[in-house]
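For reference, the structure I am asking about is given below.
Read from first to last, the chains carry the letters A, B, C, D, E and F; within each, the first residue is number 1.
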Amino acid sequence: MPYVNIKVTGGAEAPTAKQKEELIEGVTHLLQKVLNKNPETTVVIIDEVDMDNWGIRGKTVTSRRSMK
Amino acid sequence: MPYVNIKVTGGAEAPTAKQKEELIEGVTHLLQKVLNKNPETTVVIIDEVDMDNWGIRGKTVTSRRSMK
Amino acid sequence: MPYVNIKVTGGAEAPTAKQKEELIEGVTHLLQKVLNKNPETTVVIIDEVDMDNWGIRGKTVTSRRSMK
Amino acid sequence: MPYVNIKVTGGAEAPTAKQKEELIEGVTHLLQKVLNKNPETTVVIIDEVDMDNWGIRGKTVTSRRSMK
Amino acid sequence: MPYVNIKVTGGAEAPTAKQKEELIEGVTHLLQKVLNKNPETTVVIIDEVDMDNWGIRGKTVTSRRSMK
Amino acid sequence: MPYVNIKVTGGAEAPTAKQKEELIEGVTHLLQKVLNKNPETTVVIIDEVDMDNWGIRGKTVTSRRSMK
(Lines give C-alpha, C1' and ligand atoms only; values in the text may rest on other atoms or scores of the structure.)
Protein backbone atom coordinates (compact mmCIF):
# COMPACT_ATOMS: atom_id res chain seq x y z
CA MET A 1 0.00 0.00 0.00
CA PRO A 2 2.96 2.37 -0.16
CA TYR A 3 2.81 5.62 -2.10
CA VAL A 4 5.94 6.86 -3.85
CA ASN A 5 6.50 10.19 -5.59
CA ILE A 6 9.59 10.65 -7.75
CA LYS A 7 10.50 14.10 -9.04
CA VAL A 8 13.08 14.44 -11.81
CA THR A 9 13.96 17.17 -14.28
CA GLY A 10 11.81 17.14 -17.42
CA GLY A 11 12.08 18.74 -20.84
CA ALA A 12 15.29 17.71 -22.59
CA GLU A 13 16.17 15.54 -19.57
CA ALA A 14 12.78 13.84 -19.22
CA PRO A 15 12.80 10.05 -18.82
CA THR A 16 11.49 8.00 -21.73
CA ALA A 17 8.37 5.85 -21.39
CA LYS A 18 10.62 2.81 -21.02
CA GLN A 19 12.68 4.45 -18.27
CA LYS A 20 9.48 5.36 -16.41
CA GLU A 21 8.44 1.71 -16.57
CA GLU A 22 11.81 0.72 -15.12
CA LEU A 23 11.54 3.23 -12.28
CA ILE A 24 8.01 2.09 -11.39
CA GLU A 25 8.91 -1.58 -11.57
CA GLY A 26 12.14 -1.05 -9.65
CA VAL A 27 10.73 0.92 -6.75
CA THR A 28 7.73 -1.40 -6.44
CA HIS A 29 10.09 -4.36 -6.27
CA LEU A 30 12.30 -2.57 -3.71
CA LEU A 31 9.34 -2.03 -1.37
CA GLN A 32 8.41 -5.67 -1.68
CA LYS A 33 11.96 -6.85 -1.03
CA VAL A 34 12.72 -4.57 1.94
CA LEU A 35 9.31 -4.23 3.62
CA ASN A 36 7.31 -7.09 2.10
CA LYS A 37 4.79 -4.58 0.71
CA ASN A 38 2.19 -5.90 -1.69
CA PRO A 39 2.93 -4.76 -5.28
CA GLU A 40 -0.81 -4.90 -6.02
CA THR A 41 -1.40 -1.72 -4.06
CA THR A 42 1.91 0.13 -4.47
CA VAL A 43 1.31 3.46 -6.20
CA VAL A 44 4.12 5.43 -7.88
CA ILE A 45 3.76 8.91 -9.36
CA ILE A 46 6.56 10.50 -11.41
CA ASP A 47 6.67 14.29 -11.74
CA GLU A 48 8.76 15.86 -14.49
CA VAL A 49 9.81 19.31 -13.32
CA ASP A 50 10.80 22.03 -15.77
CA MET A 51 14.44 23.09 -15.37
CA ASP A 52 13.30 26.70 -14.82
CA ASN A 53 11.25 25.49 -11.86
CA TRP A 54 13.91 23.45 -10.04
CA GLY A 55 16.36 25.27 -7.83
CA ILE A 56 19.54 24.07 -6.20
CA ARG A 57 22.19 26.21 -4.48
CA GLY A 58 19.99 29.26 -4.96
CA LYS A 59 19.88 28.98 -8.78
CA THR A 60 17.54 27.32 -11.27
CA VAL A 61 18.85 24.24 -13.05
CA THR A 62 18.52 26.21 -16.30
CA SER A 63 20.99 28.81 -14.99
CA ARG A 64 23.35 26.18 -13.64
CA ARG A 65 23.40 24.19 -16.87
CA SER A 66 24.11 27.35 -18.91
CA MET A 67 27.10 28.21 -16.71
CA LYS A 68 28.92 25.05 -17.64
CA MET B 1 -7.85 26.30 6.70
CA PRO B 2 -7.38 22.77 5.37
CA TYR B 3 -5.26 22.01 2.34
CA VAL B 4 -6.32 19.21 0.00
CA ASN B 5 -4.42 17.75 -2.94
CA ILE B 6 -6.23 15.43 -5.34
CA LYS B 7 -4.25 13.50 -7.96
CA VAL B 8 -6.11 11.83 -10.84
CA THR B 9 -5.09 10.53 -14.24
CA GLY B 10 -5.02 13.22 -16.93
CA GLY B 11 -4.89 13.19 -20.72
CA ALA B 12 -7.86 11.28 -22.16
CA GLU B 13 -9.12 10.68 -18.61
CA ALA B 14 -8.74 14.26 -17.35
CA PRO B 15 -11.71 15.73 -15.51
CA THR B 16 -13.66 18.49 -17.26
CA ALA B 17 -13.76 22.02 -15.86
CA LYS B 18 -17.24 21.27 -14.50
CA GLN B 19 -16.04 18.09 -12.78
CA LYS B 20 -13.17 19.99 -11.20
CA GLU B 21 -15.69 22.49 -9.81
CA GLU B 22 -17.70 19.61 -8.36
CA LEU B 23 -14.63 18.05 -6.73
CA ILE B 24 -13.55 21.36 -5.19
CA GLU B 25 -17.05 22.22 -3.97
CA GLY B 26 -17.60 18.68 -2.67
CA VAL B 27 -14.40 18.33 -0.70
CA THR B 28 -14.72 21.84 0.74
CA HIS B 29 -18.25 21.01 1.89
CA LEU B 30 -17.08 17.68 3.35
CA LEU B 31 -14.47 19.40 5.50
CA GLN B 32 -17.08 21.86 6.73
CA LYS B 33 -19.57 19.11 7.54
CA VAL B 34 -17.15 16.72 9.26
CA LEU B 35 -14.70 19.11 10.94
CA ASN B 36 -16.52 22.44 10.84
CA LYS B 37 -13.66 23.91 8.77
CA ASN B 38 -14.22 27.36 7.30
CA PRO B 39 -14.75 27.12 3.50
CA GLU B 40 -13.28 30.62 3.16
CA THR B 41 -9.79 29.28 3.75
CA THR B 42 -10.01 25.72 2.39
CA VAL B 43 -7.54 25.28 -0.46
CA VAL B 44 -7.83 22.43 -3.00
CA ILE B 45 -5.28 21.64 -5.70
CA ILE B 46 -5.99 19.07 -8.41
CA ASP B 47 -3.07 17.45 -10.21
CA GLU B 48 -3.65 15.66 -13.51
CA VAL B 49 -1.01 12.98 -13.88
CA ASP B 50 -0.04 11.59 -17.27
CA MET B 51 -0.84 7.88 -17.62
CA ASP B 52 2.82 7.18 -18.43
CA ASN B 53 3.77 8.73 -15.08
CA TRP B 54 1.36 6.83 -12.83
CA GLY B 55 2.33 3.36 -11.70
CA ILE B 56 0.30 0.69 -9.97
CA ARG B 57 1.25 -2.98 -9.46
CA GLY B 58 4.68 -2.25 -10.93
CA LYS B 59 3.32 -1.04 -14.31
CA THR B 60 2.34 2.33 -15.75
CA VAL B 61 -1.36 2.96 -16.27
CA THR B 62 -0.58 3.23 -19.99
CA SER B 63 0.72 -0.36 -19.98
CA ARG B 64 -2.18 -1.62 -17.92
CA ARG B 65 -4.82 0.02 -20.09
CA SER B 66 -3.23 -1.44 -23.25
CA MET B 67 -3.34 -4.95 -21.80
CA LYS B 68 -7.09 -4.95 -21.54
CA MET C 1 -6.95 5.01 -8.51
CA PRO C 2 -6.96 8.60 -7.25
CA TYR C 3 -4.63 9.76 -4.50
CA VAL C 4 -5.86 12.36 -2.03
CA ASN C 5 -3.89 14.15 0.67
CA ILE C 6 -5.75 16.16 3.31
CA LYS C 7 -3.81 18.42 5.67
CA VAL C 8 -5.56 19.79 8.76
CA THR C 9 -4.36 21.28 12.03
CA GLY C 10 -3.50 18.68 14.67
CA GLY C 11 -2.91 18.76 18.41
CA ALA C 12 -5.95 20.17 20.23
CA GLU C 13 -7.73 20.50 16.87
CA ALA C 14 -6.91 17.03 15.54
CA PRO C 15 -9.79 15.05 14.06
CA THR C 16 -11.02 12.02 16.01
CA ALA C 17 -10.68 8.50 14.60
CA LYS C 18 -14.37 8.65 13.67
CA GLN C 19 -13.96 11.96 11.86
CA LYS C 20 -11.02 10.55 9.92
CA GLU C 21 -13.23 7.64 8.83
CA GLU C 22 -15.87 10.13 7.66
CA LEU C 23 -13.33 12.16 5.68
CA ILE C 24 -11.92 9.06 4.00
CA GLU C 25 -15.33 7.62 3.21
CA GLY C 26 -16.64 11.00 2.03
CA VAL C 27 -13.82 11.87 -0.34
CA THR C 28 -13.71 8.33 -1.75
CA HIS C 29 -17.45 8.55 -2.45
CA LEU C 30 -17.06 12.01 -4.00
CA LEU C 31 -14.48 10.72 -6.48
CA GLN C 32 -16.76 7.85 -7.41
CA LYS C 33 -19.77 10.13 -7.86
CA VAL C 34 -18.03 12.87 -9.85
CA LEU C 35 -15.43 10.93 -11.85
CA ASN C 36 -16.62 7.33 -11.56
CA LYS C 37 -13.33 6.38 -9.86
CA ASN C 38 -13.11 2.91 -8.36
CA PRO C 39 -13.20 3.09 -4.53
CA GLU C 40 -11.11 -0.11 -4.41
CA THR C 41 -8.01 1.81 -5.42
CA THR C 42 -8.66 5.29 -4.01
CA VAL C 43 -5.98 6.18 -1.48
CA VAL C 44 -6.42 8.96 1.10
CA ILE C 45 -3.73 10.20 3.47
CA ILE C 46 -4.52 12.65 6.28
CA ASP C 47 -1.70 14.76 7.72
CA GLU C 48 -2.18 16.45 11.08
CA VAL C 49 0.01 19.55 11.14
CA ASP C 50 1.12 21.13 14.40
CA MET C 51 -0.24 24.66 14.86
CA ASP C 52 3.32 25.97 15.23
CA ASN C 53 4.10 24.57 11.77
CA TRP C 54 1.14 26.01 9.85
CA GLY C 55 1.36 29.59 8.65
CA ILE C 56 -1.29 31.85 7.21
CA ARG C 57 -1.05 35.63 6.64
CA GLY C 58 2.60 35.48 7.66
CA LYS C 59 1.90 34.10 11.14
CA THR C 60 1.71 30.63 12.67
CA VAL C 61 -1.74 29.39 13.65
CA THR C 62 -0.47 29.30 17.25
CA SER C 63 0.19 33.05 17.11
CA ARG C 64 -3.11 33.80 15.44
CA ARG C 65 -5.14 31.75 17.91
CA SER C 66 -3.41 33.50 20.86
CA MET C 67 -4.30 36.93 19.48
CA LYS C 68 -8.01 36.26 19.71
CA MET D 1 19.52 20.20 3.04
CA PRO D 2 16.01 21.67 3.18
CA TYR D 3 13.42 20.91 0.54
CA VAL D 4 10.95 23.62 -0.42
CA ASN D 5 7.92 23.35 -2.69
CA ILE D 6 6.17 26.52 -3.84
CA LYS D 7 2.82 26.29 -5.62
CA VAL D 8 1.48 29.36 -7.44
CA THR D 9 -1.14 29.89 -10.13
CA GLY D 10 0.17 29.37 -13.65
CA GLY D 11 -1.09 30.24 -17.12
CA ALA D 12 -1.63 33.99 -17.46
CA GLU D 13 -0.41 34.43 -13.87
CA ALA D 14 2.71 32.27 -14.17
CA PRO D 15 5.94 33.75 -12.84
CA THR D 16 8.60 34.72 -15.37
CA ALA D 17 11.96 32.93 -15.49
CA LYS D 18 13.47 35.92 -13.67
CA GLN D 19 10.84 35.82 -10.92
CA LYS D 20 11.46 32.10 -10.46
CA GLU D 21 15.16 32.87 -9.98
CA GLU D 22 14.25 35.47 -7.37
CA LEU D 23 11.99 33.05 -5.49
CA ILE D 24 14.64 30.32 -5.47
CA GLU D 25 17.41 32.68 -4.43
CA GLY D 26 15.21 34.33 -1.80
CA VAL D 27 13.97 31.20 -0.09
CA THR D 28 17.44 29.61 -0.14
CA HIS D 29 18.84 32.75 1.51
CA LEU D 30 16.00 32.78 4.08
CA LEU D 31 16.80 29.22 5.16
CA GLN D 32 20.45 30.13 5.52
CA LYS D 33 19.69 33.26 7.53
CA VAL D 34 17.10 31.73 9.88
CA LEU D 35 18.36 28.16 10.29
CA ASN D 36 21.93 28.35 9.01
CA LYS D 37 21.09 25.78 6.32
CA ASN D 38 23.71 25.17 3.66
CA PRO D 39 22.61 26.70 0.31
CA GLU D 40 24.63 24.01 -1.49
CA THR D 41 21.99 21.39 -0.68
CA THR D 42 18.80 23.46 -0.51
CA VAL D 43 16.35 22.24 -3.14
CA VAL D 44 13.39 24.34 -4.32
CA ILE D 45 10.66 23.15 -6.68
CA ILE D 46 8.06 25.55 -8.10
CA ASP D 47 4.74 24.15 -9.33
CA GLU D 48 2.56 26.27 -11.60
CA VAL D 49 -1.03 25.20 -11.07
CA ASP D 50 -3.71 25.82 -13.69
CA MET D 51 -6.43 28.19 -12.47
CA ASP D 52 -9.05 25.51 -13.23
CA ASN D 53 -7.21 23.18 -10.86
CA TRP D 54 -6.87 25.50 -7.85
CA GLY D 55 -9.84 25.85 -5.53
CA ILE D 56 -10.49 28.31 -2.74
CA ARG D 57 -13.78 28.90 -0.90
CA GLY D 58 -15.31 26.00 -2.80
CA LYS D 59 -14.70 27.52 -6.26
CA THR D 60 -11.94 27.30 -8.84
CA VAL D 61 -9.77 30.38 -9.27
CA THR D 62 -11.09 30.55 -12.85
CA SER D 63 -14.64 30.93 -11.53
CA ARG D 64 -13.63 33.47 -8.92
CA ARG D 65 -11.67 35.62 -11.36
CA SER D 66 -14.62 35.66 -13.80
CA MET D 67 -16.98 36.87 -11.08
CA LYS D 68 -15.05 40.05 -10.57
CA MET E 1 19.20 15.77 -8.25
CA PRO E 2 16.01 13.71 -7.98
CA TYR E 3 13.68 14.05 -5.03
CA VAL E 4 11.83 10.95 -3.80
CA ASN E 5 9.10 10.74 -1.18
CA ILE E 6 8.06 7.32 0.14
CA LYS E 7 4.97 7.00 2.32
CA VAL E 8 4.40 3.78 4.27
CA THR E 9 2.28 2.83 7.26
CA GLY E 10 3.91 3.61 10.60
CA GLY E 11 3.26 2.58 14.17
CA ALA E 12 3.40 -1.20 14.55
CA GLU E 13 4.24 -1.48 10.83
CA ALA E 14 6.95 1.19 10.77
CA PRO E 15 10.19 0.26 9.02
CA THR E 16 13.26 -0.20 11.20
CA ALA E 17 16.26 2.12 10.92
CA LYS E 18 18.01 -0.58 8.90
CA GLN E 19 15.07 -0.95 6.50
CA LYS E 20 15.00 2.81 5.99
CA GLU E 21 18.69 2.68 5.07
CA GLU E 22 17.92 -0.07 2.54
CA LEU E 23 15.07 1.91 0.99
CA ILE E 24 17.19 5.05 0.68
CA GLU E 25 20.17 3.18 -0.73
CA GLY E 26 17.97 1.15 -3.09
CA VAL E 27 16.02 4.01 -4.61
CA THR E 28 19.15 6.16 -4.96
CA HIS E 29 20.86 3.30 -6.80
CA LEU E 30 17.76 2.76 -8.99
CA LEU E 31 17.80 6.39 -10.14
CA GLN E 32 21.49 6.11 -10.95
CA LYS E 33 21.02 2.87 -12.88
CA VAL E 34 17.94 3.91 -14.88
CA LEU E 35 18.50 7.64 -15.41
CA ASN E 36 22.19 8.08 -14.59
CA LYS E 37 21.27 10.50 -11.78
CA ASN E 38 24.06 11.58 -9.46
CA PRO E 39 23.67 9.92 -6.02
CA GLU E 40 25.40 12.93 -4.44
CA THR E 41 22.28 15.05 -4.88
CA THR E 42 19.49 12.46 -4.69
CA VAL E 43 17.21 13.29 -1.77
CA VAL E 44 14.82 10.71 -0.25
CA ILE E 45 12.22 11.45 2.43
CA ILE E 46 10.28 8.65 4.14
CA ASP E 47 6.95 9.47 5.79
CA GLU E 48 5.46 7.05 8.30
CA VAL E 49 1.70 7.48 8.23
CA ASP E 50 -0.48 6.44 11.17
CA MET E 51 -2.90 3.63 10.28
CA ASP E 52 -5.82 5.85 11.38
CA ASN E 53 -4.72 8.42 8.81
CA TRP E 54 -4.36 6.16 5.76
CA GLY E 55 -7.49 5.29 3.83
CA ILE E 56 -8.04 2.73 1.10
CA ARG E 57 -11.40 1.56 -0.30
CA GLY E 58 -13.16 4.19 1.80
CA LYS E 59 -11.87 2.83 5.14
CA THR E 60 -8.89 3.54 7.36
CA VAL E 61 -6.19 0.88 7.49
CA THR E 62 -6.99 0.54 11.21
CA SER E 63 -10.57 -0.47 10.35
CA ARG E 64 -9.48 -2.82 7.61
CA ARG E 65 -6.89 -4.58 9.78
CA SER E 66 -9.48 -5.06 12.56
CA MET E 67 -11.93 -6.69 10.15
CA LYS E 68 -9.55 -9.51 9.39
CA MET F 1 -2.95 32.36 -2.58
CA PRO F 2 0.37 30.54 -2.84
CA TYR F 3 1.02 27.33 -0.95
CA VAL F 4 4.52 26.65 0.38
CA ASN F 5 5.83 23.49 2.01
CA ILE F 6 9.20 23.59 3.76
CA LYS F 7 10.84 20.35 4.89
CA VAL F 8 13.76 20.50 7.32
CA THR F 9 15.39 17.98 9.63
CA GLY F 10 13.66 17.67 13.01
CA GLY F 11 14.62 16.16 16.35
CA ALA F 12 17.80 17.74 17.71
CA GLU F 13 17.92 20.00 14.62
CA ALA F 14 14.26 21.11 14.72
CA PRO F 15 13.61 24.83 14.36
CA THR F 16 12.35 26.68 17.43
CA ALA F 17 8.88 28.26 17.50
CA LYS F 18 10.52 31.62 16.88
CA GLN F 19 12.46 30.32 13.87
CA LYS F 20 9.27 28.87 12.42
CA GLU F 21 7.65 32.30 12.74
CA GLU F 22 10.60 33.82 10.90
CA LEU F 23 10.41 31.27 8.09
CA ILE F 24 6.65 31.78 7.65
CA GLU F 25 6.93 35.56 7.76
CA GLY F 26 9.94 35.57 5.45
CA VAL F 27 8.54 33.35 2.72
CA THR F 28 5.16 35.13 2.82
CA HIS F 29 6.94 38.44 2.38
CA LEU F 30 9.11 37.04 -0.44
CA LEU F 31 6.02 35.97 -2.40
CA GLN F 32 4.51 39.41 -1.93
CA LYS F 33 7.70 41.16 -3.01
CA VAL F 34 8.48 39.00 -6.06
CA LEU F 35 4.99 38.09 -7.32
CA ASN F 36 2.73 40.59 -5.54
CA LYS F 37 0.87 37.69 -3.87
CA ASN F 38 -1.60 38.60 -1.15
CA PRO F 39 -0.22 37.62 2.31
CA GLU F 40 -3.81 37.13 3.52
CA THR F 41 -4.08 33.88 1.60
CA THR F 42 -0.48 32.61 1.58
CA VAL F 43 -0.29 29.24 3.33
CA VAL F 44 2.99 27.80 4.63
CA ILE F 45 3.41 24.32 6.11
CA ILE F 46 6.66 23.26 7.77
CA ASP F 47 7.45 19.54 8.05
CA GLU F 48 10.11 18.38 10.50
CA VAL F 49 11.58 15.16 9.17
CA ASP F 50 13.31 12.68 11.45
CA MET F 51 16.99 12.24 10.62
CA ASP F 52 16.43 8.49 10.15
CA ASN F 53 13.85 9.30 7.48
CA TRP F 54 15.87 11.74 5.38
CA GLY F 55 18.30 10.34 2.85
CA ILE F 56 21.02 12.04 0.85
CA ARG F 57 23.77 10.36 -1.18
CA GLY F 58 22.19 7.00 -0.47
CA LYS F 59 22.50 7.30 3.34
CA THR F 60 20.24 8.56 6.11
CA VAL F 61 21.21 11.83 7.74
CA THR F 62 21.62 9.87 10.98
CA SER F 63 24.31 7.73 9.34
CA ARG F 64 26.01 10.71 7.76
CA ARG F 65 26.10 12.71 10.99
CA SER F 66 27.58 9.73 12.88
CA MET F 67 30.39 9.41 10.36
CA LYS F 68 31.70 12.87 11.10
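We adopt the following convention: contacts are C-beta pairs under 8 Å (C-beta built on N, C-alpha and C of every residue); 3 or more make two chains touch, one makes a residue touch a chain.
By chain, with names taken from UniProt: A, B, C, D, E, F = Tautomerase.
This structure is a prediction, so every number in the text was calculated from the model and none was measured.
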{"item": "Partner chains shared by chain B and chain E (touch criterion as defined above)", "value": "A, C, D, F"}
{"item": "Fraction-based call for chain F against chain E, same above half, different below", "value": "different"}
{"item": "Size of the rotation, in steps of 5 degrees, that lays the CA trace of chain A over chain B", "value": "120"}
{"item": "C-E or B-C - the one linked by more C-beta pairs in contact", "value": "B-C"}
{"item": "Chain whose Cα centroid lies at the greatest distance from that of chain C", "value": "A"}
{"item": "Chain whose average C-alpha position is farthest from chain F's own", "value": "B"}
{"item": "Interface copy of B-D among B-F, A-B or B-C, judged by whether over half of the contact pairs recur", "value": "A-B"}
{"item": "Cα-centroid distance, chain D relative to chain E, in whole angstrom", "value": "26"}
{"item": "Between chain A and chain D, centroid-to-centroid distance (C-alpha), Å", "value": "20"}
{"item": "Length of the line joining the C-alpha centres of chain A and chain E, rounded to whole Å", "value": "14"}
{"item": "Where chain A touches two or more other chains at once, by residue number", "value": "1, 3, 7, 23, 41, 43, 45, 54, 56"}
{"item": "Contacting chain pairs - touch in the sense defined above", "value": "A-B, A-C, A-D, A-E, B-C, B-D, B-F, C-E, C-F, D-E, D-F, E-F"}
{"item": "In the complex with chain D, residue positions of chain F that touch it", "value": "1-9, 15, 19, 22-23, 26-27, 30-31, 33-35, 37, 41, 54, 56, 61"}
{"item": "Complex contacts: residues of chain B adjacent to chain A", "value": "7, 49, 52-60, 62-63"}
{"item": "Residues of chain B touching chain D in the complex", "value": "17, 20-21, 23-25, 27-29, 39-48"}
{"item": "Complex contacts: residues of chain E adjacent to chain D", "value": "1, 3, 41, 43, 45"}
